[in-house]
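Chain nomenclature is as follows: A, B, C, D and E, assigned in order of appearance, with residue numbering initiated at 1 for each chain independently.
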């Protein structure tokens, strides 16, 4: 936008450029931090995340090992740093497909309505009333545990939320006059849906995406507790917390630091979500 | 000793089916002998048998007749008399070939006769394992009348009904059972065995099992005084609890051996060449396995190096077995001499969620990495793992074994005999072992039998169908005031002599 | 008016139920591993496995098995548990009340925590009070349930001894006492979800015209807060709560495990790991029905709270 | 009146079914419906401005929307030149829409908040291939100038404009398609009087320059009087009176038209009426009175009004649907 | 007109902080309301009419600051304690809002919303309250009022909602009614009924009314006196007849001139050019000057104060004396 533009004669008060609130800035800053850790673990981590050190088993935080060592003598700090990539990957891959698929489907069925909407609605009902754990364990059992299968399982279920959100929003938006204007202007339904409705209807889904990312990480951790999550020696935060639970009394640092990392990620996504909700709200 | 009181014992999971013959799980087996008594009993050290319901037994010269004498005045927990007819009926039920998984332990019996207090077992062949078999849960004596009076059209249905409210002649009797939550065993006032004070055992009024699946919760509950005993303490916490003033951390010797089973077949199911079919490779892996390190890392020092495929607590274990001491140089030279000198990829099946498996395998990854062997861990949930294993569709898998019978024949028949389950599905086959085992099954001389077993163990060790790892104890945490509780090497929890001191 | 709607919704449950039935039936049979392997363990020989499968009727062709399953279901029979050898219906009857009790308790605690704190955060929005409340719940929302559960157990149970460590207790009071920590664990999680929505809806309502109007009417602030603000702000919360109850029931497994509560969550996990087909099927169907009913109930409560709702 | 009308609406009806419960449906109860349009006849001459007035909910918007096919009428016919409008499909419909454009009431929701004005105009031009891409920028500037917006407006988003400016954008977007006929639904209702006048002037000027035919839907009688050549008065989905503007305002015929004019506040403080012009609420559109829809509030209602629906009759240059005029012996109320 | 006004507003200032800066939304508003008088407050959207009323009601809190005096029955409300507010707000001064749909609580019945007022200010409860509530609905012309008490707002038509809101405001029998665009959302026929209702109630209860609107026709038909607002300031106050005949502020004049009906049909109207002022960047001097046809250098100095220009008339226009009369131009 040109800053030089001066309001011409019959001009309204020029709405001020809405700067992102501090929430979003802090959120993005934290995300940048996480991304750096995820991209350059080798440079940042002092030790290998998987190498055992039988001479340094269960050591508390020291200058050499600021986060202590675990029951195999591995450096917890290094594992937390290496875990960033895994957990961000979990956050991304548990939500990517549900977001894209659910949002598009929601847009289409919300706009087309009738049988497509009813049909997808029934399928969504089925997915929602089906116990998630059964599905996850079933998929994991068929495909073997590991992150890929976590993604498959979550995707099979996760799209419903996005479908609902986007569908509801499209239902509202399609009543808005600009959507009707599109029809009167002789635009094709596909154009109206994709160019006009979707950009306006996708905000709640994007905001939810942020929440969903932290939920994805948490789900990974829960499945880790049941032994269905990431595979060793993968340093995944949730699994690290779960592994550390037997040492809570004697070596608190094993589960506490990855726990803090989980919290940091959660706070990051939440701040970005709140911030995005603010920034993406259409201005009127 | 103090009499009376209730001992609350935290178990990690509930029993499933309290029928001595038809059950399948340790969850049942390990508490069954508190409810159902057997003619003979395993000794607390697990090495031999001692009198049970039968006060004595004798075997004929040719070894083909066994005579047992019942104690006088034996009663079931409901007060009705335990007769030789009950014994005959119980043994007949247990040895039917299609009755449960355990019937083979009594397979040598051709008929049972009962008269007065004498029970006579006629055998097809001499059977040195029979006393141990009679001291095993599936040979428990059940009340014929009560069982047949249970509702149900056939034996299976009656068994279900009876197992809901079992009555036996063990030191305790089931009084309340809320599945998945708790189980209360009441003192059997008619129990025959006497305590130190000369009065009938057990000392306790009752035992209450609380089902607490989470290890941490079990420990917290014990520390809070809500439990007086907790089983399956994670080995990682043994040291911590040993130093706790309120807890008596006990490691009961067990027959548990932990190993990695290898597929010894030349090719895998998908037709690819299997490096593990090369004995040099298998030996190399064994030498490259630093057991002491594993014992430190995985068992936190509580384990013991495994020298034979059977535990050192098993009768006829050969103490002269050397096992595979850690020797990386030897491992390297063995591997260099094999077809796989540049190393290979190998996948091991682990039970998902098992912290011990994971700890072990992560450590092995590193140890074998020094050989150029790249270990991939495939975690599977237990039934999937079992199915893969049973289909011989695996390269390696983690495994643990505990004896149910106080005799080396059980583990040998599974681990070393191809004819049973293909030597725990390793595919290992040794004609010599087969021959020696067949002989030992009828060998009445203990000395001769011991030497047969020595040879078997040596052959097995040399062939290395498995990775020898370590033996682990049963870690039980007890309140300081608990006395006399034992978990015998077979795993059975014996509450008969347990008491709560002031 | 509503009976119409209820009828229609109940009718809609039927196809869902049928689909769940078919899906779960096929799903469990698609799983690698079979009940016989699961119960017999590693040592069983091939013929024992085969015999067991025959006894369980699992050697029959799938359509036959499905027909039998449906036929039994029509007679209200979900079959017997394979590992526990008791009727599935009885198991569910024993375990479900525990989980439902826990769920309702957790929902109550969650609301009890969320409502006042969300209102406080909304009233003091963009101050440190608001930041603190949101921050604390955000942390709670970012940590795995088992970790929170263990921390609560260690602190409030073991260290302070205020609550028993695990178990279910007996009698309503006993349940309330024993289940406090697990309900708190789940409730905290729920509250964290609710606080976000509730806070923003309170803010929305506080600034609504009708609240201004109520103030212009000179009503006492307490009355405005309870009657005008809360009542309206709770409406979206009800829907969210309903959506979360399903997750709460389904997600109770970990809490039930940590706190040693004999609920359906654990039964389910044990059944899946034990390939106990009848139990998995029975529980899945029960779950589907309960969740469907909860959704229906949610919508009815929503309609009750908000007279504008058009149920259709 | 003799020339062939540009647009001819005959017997147009449109009902919105009310939601009905399952039980009621099972019991076979008749479906209730809002009769938004009921047998509407209208004709629009080329180049004229036809005002449409009436109270909220009387079907003005529905009529407008049916004419641009945003809604499908249940019955009736719309003839636009040679086109049978209600039967147009696909590309034909789009071509028709290009010629008959609608401008919307709400300056806030009728523009996509995420597109700049330039993008909106460019889209309209390119979808209908009205200008090759190279000439589009120039045309956009032309359009902006036409509606009195500064050239920089092309780069701005709707939220950067005032209500009046947004309506100009809406008009520019409609004009981009070079239509013959504009349907303006409450075009200026949301605007302040001082801005209203600006937009009205624009509309007048454009009509002059481009020879546009305009359907001006509004409830502001003063505005409608100023702008329209003819005015149609609607009540509960029906057209009750159509007349040349001056005729209608000077001598309203239908009792409803009379009431409507009387209720509109005049700007002269000296002329204050004492009694309400009309009593009673608008009847529920779900339950339109039988016969003449206005009879429940009409001071002149008599038996026949309940029994029989009045048909439009010519009364001195106006078309009136009222029994007072259809019966020869009836007295014309003053 | 009695000498002692019921309400004296002096130098009312309202500042609203926003992320973009503090909006000075109401600036030095000063006027009186006599007992039984109906004062019209007109102005374009955003000129600060609603904010003025809300500030008088004490509805603004913390970040928004209100200064000046609002003297009601001799007491400065802006300095009032919470208890004094309780006794005044809703009780002595009633208020009705612009949008009845959003101002009525959608989840409470109309009856509840009337009765909570009766209970708070009149101490009525139970049956007596229900009786009185029905009477009030009846008074505002809602048919079968007793049955209607149990209806929710969405079950009412727009006109009925507005009446219900009036009934709620009247429940406490206030001396002053602040009516914020009570008819903007309504059809002319219903607007006509509501305005007449207000006139009748004022007569019967001897209430004073401040009627906010941007419809000059409504002003002409109902008010005794008018205050014209622009950019948060009063531009002119005058008896209603005088204003329409002879506006003494360029803005009032522009407003009246921009209405249709003054010229020939389909002739161009005379709009006020430009749009409303940006409150964050007010032009120097008279806020209206950038749009004013009469603007001169004198307008750009200090903001012209509202000063008496004739008996009972105040104006803030430098050119007040130079403005033309509107002779019969405005008529409909």
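One rule holds in what follows: a residue touches a chain if its C-beta (ideal position, glycine included) is under 8 Å from a C-beta of that chain, and two chains touch if they have at least 3 such contacts.
Bear in mind that the values here come from a model prediction, so they are computed numbers and not experimental data.
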| item | value |
| --- | --- |
| Neighbouring chains common to subunit A and subunit B, by label | C |
| Pair exhibiting more inter-chain C-beta contacts, C-E or B-C | B-C |
| Separation of mean Cα positions, subunit D and subunit B [Å, integer] | 89 |
| Intercentroid distance (Cα basis), subunit C paired with subunit A, Å | 23 |
| Distance between the centres, which are taken as Cα means, of subunit E and subunit A, whole angstrom | 50 |
| Chain centre separation (subunit D, subunit E; CA means) in Å | 31 |
| Residues within subunit C bordering two or more other chains | 31-33, 150, 154, 272-273 |
| Interface hub residues of subunit E, defined as touching at least two other chains | 273, 275-276 |
| Sites on subunit D at which at least two other chains make contact | 162-165, 198 |
| Complex contact set, residues of subunit C against subunit A | 12, 15-16, 19-20, 23-24, 27-28, 30-33, 135, 138-139, 141-147, 150, 154, 246-247, 250-251, 253-254, 265, 268-269, 272-273, 280, 283-284, 287-289, 291-292, 295 |
| Subunit B residues touching subunit A - in the complex, by the definition given at the top | 215-216, 234, 236-237, 240, 293, 296-297, 351-355, 358-359, 361-363, 365-366, 377-381, 383-384 |
| Parts of subunit D lying in touch with subunit A, wherever the complex brings them together | 65, 68, 70, 93-95, 97-98, 101-102, 104-106, 108-115, 123-124, 127-128, 148-150, 152-153, 155-165, 170, 173-174, 177, 198 |
| Partner subunit C, residues of subunit A touching it in the complex | 122, 125-126, 128-135, 137-138, 141-142, 214, 218, 221-222, 224-226, 238, 241-242, 245, 248-249, 255, 259, 262-267, 270 |
| Subunit C residues within the subunit B interface of the complex | 31-35, 37-46, 48-49, 51, 55, 83-86, 91, 94-95, 150, 153-154, 157-158, 161, 164-168, 257-260, 262, 266-267, 270, 272-275 |
